[in-house]
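You will see chain A twice below: alongside chain B first, and alongside chain C after that.
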Partner chain A sequence: MITIPYLTAVSTYFSYGLLFAFGQLRDYSRLLFDWWRTNNLQGYAPICLAHEDFYIRRLYHRIQDCFGRPISSAPDAWVDVVERVSNDNNKTLKRTTKTSRCLNLGSYNYLGFGSFDEYCTPRVIESLKKFSASTCSSRVDAGTTSVHAELEECVAKYVGQPAAIVCGMGYATNSAIIPVLIGKGGLIISDSLNHTSIVNGARGSGATIRVFQHNTPSHLEKVLKEQIAEGQPRTHRPWKKIIVVVEGIYSMEGEICHLPEIVSICKKYKAYVYLDEAHSIGAIGKTGRGVCELLGVDTADIDIMMGTFTKSFGSCGGYIAGSKDLIQYLKHHCPAHLYATSISTPSAQQIISAIQVILGEDGSNRGAQKLARIRENSNFFRAELQKMGFEVLGDNDSPVMPIMLYNPAKIPAFSRECLRENLAVVVVGFPATPLLLARARICISASHSREDLIKALQVISKAGDLTGIKYFPAAPKKQDEEKNGIKLD
Partner chain B sequence: MYVRALPTTDVNRNTEWFTYPGVWTTYILILFFSWLLVLSVFHCSPGIAWTIVHLAHFTVTYHSFHWKKGTPFGDDQGVYNRLTWWEQIDNGKQLTRNRKFLTVVPVVLYLIASHTTDYQHPMLFLNTLAVFVMVVAKFPHMHKVRIFGINGDQ
Partner chain C sequence: MASNLVEMFNACLLWVTMILEDPSARVVLFGFPIRGHYFLEALLGVVIVILLSQKSFKPPKRPLTEQEIDELCEEWVPEPLIPPITEDMRHEPPVLESAAGPHTTVNGKDVVNFASANFLGLIGHEKLLESCTSALEKYGVGSCGPRGFYGTIDVHLDCEARISKFLGTPDSILYSYGLSTMFSTIPCFCKKGDIIVADEGVHWGIQNGLQLSRSTIVYFKHNDMESLRSTLEKIMTKYKRSKNLRRYIVAEGVYQNSGQIAPLDEIVKLKEKYRFRVILDESNSFGVLGCSGRGLAEHHGVPIEKIDVVTAAMGHALATEGGFCTGNARIIDYQRLSSSGYVFSASLPPYLASAAITAIDVIDQNPDMLVKLKQNIALLWKGLSDIKGMSLTSNPESPIVFLKLEKSSGSAKEDLLLLEKMADLALKEDSVLVVSSKRSFLDKCRLPVGIKLYVSAGHSESDLLIASESLKRLASELLKS
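And now, the complex of A and B:
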């Protein structure tokens, strides 16, 4: 539920209208200009349709320096951001040799495994020396090592399902698995704010897709009832299969899914539940087992659990966990398993070691400390931001917190101002978010110390004042000082 | 003065912005401010200004709603490439609140423009032609219709 000041909504529409109008004017003048110049590509078809490219050319390129910033160090709590210069108004950017050391609020480094770890990294280096960087084969040919088998067992045990299958790429896990699970004649009901990988997988499957209002179990029930009553389009035969796809933590909102209600509705109407825990596995829950542990849902009720290793485990790849029959079927039919190169062995070792640290099997309690620290950090940061008057989305305990910007001009302003003060944040606009709702997305890590967070709050407050994004009134300052003796703002 | 923005179920990013609060007000305010702008730039009578606004509105909205097809970004893999914006909004459902509002605005503009010019020619003729084309283009029966193949696909 996003609360927008009415004036901001009106001014945001107006700004976008102005930007589109100027973009069109520039396109027309480019058309006129090119009329006079000879084109040596007569007879060739254009590489991309002019109208499809409009947003990228006329809006995205103008603020391109805020996106895709290269880094030159590990994505730890502090990161080296490479500086770039542009001679043609951001159409092309050239890297310089200068870097600036910035506080990293953009990486999905939830548990701090993104840089050197005293337990994981030596084991990864050993595995690199023993197995080399790539398996150079798909899983079914020669790409399954003992580490891969151990990884799949480890993941299945960690997540709480009988078996698991691991893919080399998180995005490909969704887009390659969903077409295998369901086809024409089936129905996919997905949350309206699901990730693009799910949308691509669903579109590629050929099944009918229906969308329900974000995180609203009552609307899901309404859609399910309607669709089951109507049946397949045109023939009205009953659906072959119904899969409901939801995410654990929504990456653009930071909200946690209302899983117990959704699972009970799906059980009532006999639909399968597909849970994408990309951002929630390893980050929430008492032992880091994700949204099921946090909300007390029995993992046996979820038919397909999917997750990625890029966020909390500091590696790459994704997994699907489910019943033994399901995983056996996937191993025989999923193209990501049969044809794609298997996950590189050192990365697999990183995941196994990270899981061992989280569960405390390495003999220390660093895992429990990390989980406690990320929860503390997230709650502290969110509370302080809300006190300052920012509009922050997301539930408590979620390490993802978007700060609403709304106006398109505030996107580059906020981003550049933060970079000037050595704070690296990720800003997101249309079309990854709805047109009106541009935001700056903060990802908190367990490796951020309290001083780091306080510095970040000061910088964000200053940038927020400059860009005018404190849409809510700030909480009145308390008379007594903070516990650590530092007053904020 | 806050409004709540409920997340929509529209997957088409090109049209879902029209379902959020504040769009109608912005539209009307843009028309009003452009009338003031025309008045101050051209030093004409209010009636001529309204006629200019009406005709400019006709050109801009016809081009963007009923001529340009597809979406300005490539993420949706071109599923909407044969549909104009008018055919895309509300997922193709006809006679929704948004469509009724967008049909009423050119008519109201026409009435204002004709009234303030005292129904004189040639403004009346041009205004009537514009509103006729606008309203006919928005009929439910004209959904996905391409007369004489104008603006059809190759």
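And now, the complex of A and C:
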């Protein structure tokens, strides 16, 4: 749980209030100066009312240069960030031809497959030459190639379920699968901090949605008991089915889900478990099999396992793994399978090759090395940051670590200061996070070396001192004091 | 006895009157002497107010006890997660062993492929493969992040600029998946309370977008301009007073479900008369219609500025993956922060974006591919014009040739099974790969089902002949009733 210091909360509210007031003032003055200019809408309703994009125009545009930074190389450990200039006070940004080589702490490149890889890329290029970039057809028409069939088998075996189905985009997997599994008369209980794709899929299904407190199994039990006893709203008929949706690693908190307790509660109350492993597959667990392996949960207890290939496998797309019947049913009814173009064949080959490297089937132990390195890197980085006095969220072993900023002014300050020192970080504010809880999010990769991490720590410490985000007292340097003591003696 | 009572009563009455009269006997308020009976009336008034303010009788609330809740939880039995699998759900699609060009390999046999929307034959084109290979060597496969967080690679920005230049619009935005383009764009602009008039034959992506937008949706008859006009008329009379209500017409350039082409010039006339905005999905018409491939607007001679939002999936004529949306700068800028499929999802793999740039360059430099495509469509129409038991319902210029059953068996499921059998036999016996309509139970479209053929500029005359002969033979065999 994040407990914001009282003074920081007051100053954050004050900052937002000031920004809001200035924004409103500018809006009014624009209205005054422009009222004589005829509106060229000619009877059409405005496509966007003034208050709907107030946040974008008055708050986001001021710090627009911290987001959407283009890069001109592969998203590896070191990346070329393109510099942009603006001559109308950050309202529009133009690319320049200058780039700066920065250490990349922002891309989701957990196992280092995001750039040219000596095993994967030749195979990908071979498959490109054989099958071309796209099949231009949906999976049921002519979009299933032998590579797709191999991929589904490979993924099912890797994840530990009998069968799997693959879709071309992780976001669309959630949006298209949840309406097939549950409809009106069903209940979806989802964690309060679930990703937008799950929320959209749940809304599109027509089922009733209830939310339980983030990662709190006791509250989940309370909600389940209440809901089963009460039944459907207004008619009080019993629910047709209940699906509980949780994520493996929450991308904005870095926390790992309390899966064993949640699975035992769902078994007791006969609810189905849907696990979204977008960030955890391939990144945690001894052989990279995700949160089930890490926490010792049997994969047969989880009814539907979903994941994406964008993060750890350096490709694109998403998958659903479950029992054979479930996958057969989804293949017959899922709209993404029936109507959307199938996943690009070279991307599918990349996933197969990446899984082979991770499991050591390519004949080397690069996979095991990568997994060990990402665990070491994450734990080292997190421990060092906490020693320096930053407020870092997330559990041990998780490669995602958010550093709390809180104040809206610190968001661009931290980001720009880091970029000046050639460190590329990601900062997130409202609306991706709650209003008061802005943060900088670090994603560690297996391709970062120890020197890279030490340099990053130095830069972050300097930027942290400048912006004043070391909210906790730094751990005292015990070893130095002892050494001094011995010298004196 | 009685007289005693009467005496007592009179005494009480006198006593009460004295009490009431006495204190106020000397009070004169505003020129009115206050009588005693006013106090009685005031008292009565207070009693009435107290009675009115009492809450009405409600039976006491009895929440369920812990034991009752536990019992209910024990008794509750959920439905199974999925209904039991039937035989027809076990149908396996054909597995390709080579690229999905005009000819492909299935089960070791060479097959003529009419099931890939490879309209210009760009699958396997060497320029595309070259640019993909160099992009793969430079950038790897994935982009490892959403557009806002270092997932914007310079090829994405170049691709957006190239698309805008090709179509002549101010700006465009790239999406990483064709299907997600529509269901992310529509909820971005259409909120609760807005009005959308959509064609009843739009594909599932658009239907999902309409559902997510929570606006009021009115469908008009498929490709029927008269129905559209009357619907717009009805809406304008009903919602006359609302000036801030946004109104949209949603249509597709070439309909995925029927192969019809939307009459854009009439839609634009109606839109200007009733002040609606148009959202057009040009997935199957981009790169195909119009003399230089610029889509439906060029085909009908309508300036592209009149269409407010144009979206397209690139998995058809451009032989790559992903989608884009194009329009004026305000619309595109707004989507960069509010479109959920753009903000919360990883960006398009860079090699696919560079394939898109190369594909557009190829289309620009070789307009004769479009001429070949048109010739092929005309040849196929000639070959299938005398087919028995089925009729051609698509537009003669559309690259999707749609054959519907003349006599439907009444149930959509039966029809689908029959068409599936026909497509399977076409593959097995004549080595022709065609598409039989598939409907998910989530799809609200009720248009007739049929067999679809995607014509490509890479098909040769003999391919088209084989396909038409095969379908004619199978139709006469299977549809003998």
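What we mean here is this: the second predicted complex is superposed on the first by the 478 of 489 C-alpha atoms of A that agree within 3 Å, B and C clash if a C-alpha of one lies under 4 Å from a C-alpha of the other, contacts with A are read in each partner's own complex, and residues count from 1 in each chain.
Assume contacts are C-beta pairs under 8 Å (C-beta built on N, C-alpha and C of every residue); 3 or more make two chains touch, one makes a residue touch a chain.
Values in this document were obtained by computation on a predicted structure and should not be read as measured data.
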Given the superposition on chain A, which partner contacts more residues in chain A: chain B or chain C?
C
Looking at the overlay, what does A:Y269 touch: chain B (first), chain C (second), both, or neither?
second
With the two structures laid over each other on chain A, which partner does A:A424 touch: chain B (first), chain C (second), both, or neither?
second
In the superposed arrangement, does A:F212 touch chain B (first), chain C (second), both or neither?
first
First (chain B), second (chain C), both or neither touched by A:Y171
second
In the overlaid three-chain picture, which partner chain does A:L7 touch, first (chain B) or second (chain C), both, or neither?
first
Now for A:A336: first (chain B), second (chain C), both, or neither, which partner does it touch?
second
Just to be sure I read the superposition right, which of the two partners does A:S134 touch: chain B = first, chain C = second, or both, or neither?
second
Just to be sure I read the superposition right, which of the two partners does A:H195 touch: chain B = first, chain C = second, or both, or neither?
second
With both complexes overlaid on chain A, does A:K240 touch chain B (first), chain C (second), both or neither?
second
Contacts of chain A common to chain B and chain C in the A-superposed view 48-49, 53, 56, 196, 203
Residues of chain C touching chain A in their complex?
64, 68-70, 72-73, 76-79, 81-83, 85, 89-91, 93-101, 104, 113, 115-118, 123-124, 128-129, 132-133, 136-145, 147-154, 156-157, 176-180, 183, 189, 203-205, 208, 211-212, 243-247, 256, 275, 277, 308, 313, 315-316, 319-321, 330-331, 334, 336-338, 340-341, 344-346, 348-349, 351-352, 355, 433, 435, 438-443, 454
For the complex, give me every residue of chain B touching chain A.
1-11, 13, 16-17, 20-23, 25-26, 29-30, 68-75, 77-78, 81
Sort out for me which residues of chain A touch chain B in the complex.
1-7, 9-10, 12-14, 16-17, 48-49, 51-56, 192-193, 196, 199, 203, 211-214, 219, 430-431, 434-437
Flag every residue of chain A that touches chain C in the complex, lowest number first.
42-49, 53, 56, 60, 67-76, 79, 81-82, 95, 104, 106-109, 113-117, 120-121, 124-125, 128-137, 139-146, 148-149, 168-172, 175-176, 179-181, 195-197, 200, 203-204, 224-226, 228-229, 238-242, 269-272, 303-304, 308-311, 313-316, 325-326, 328-329, 331-336, 338-341, 343-344, 346-347, 350, 424, 426
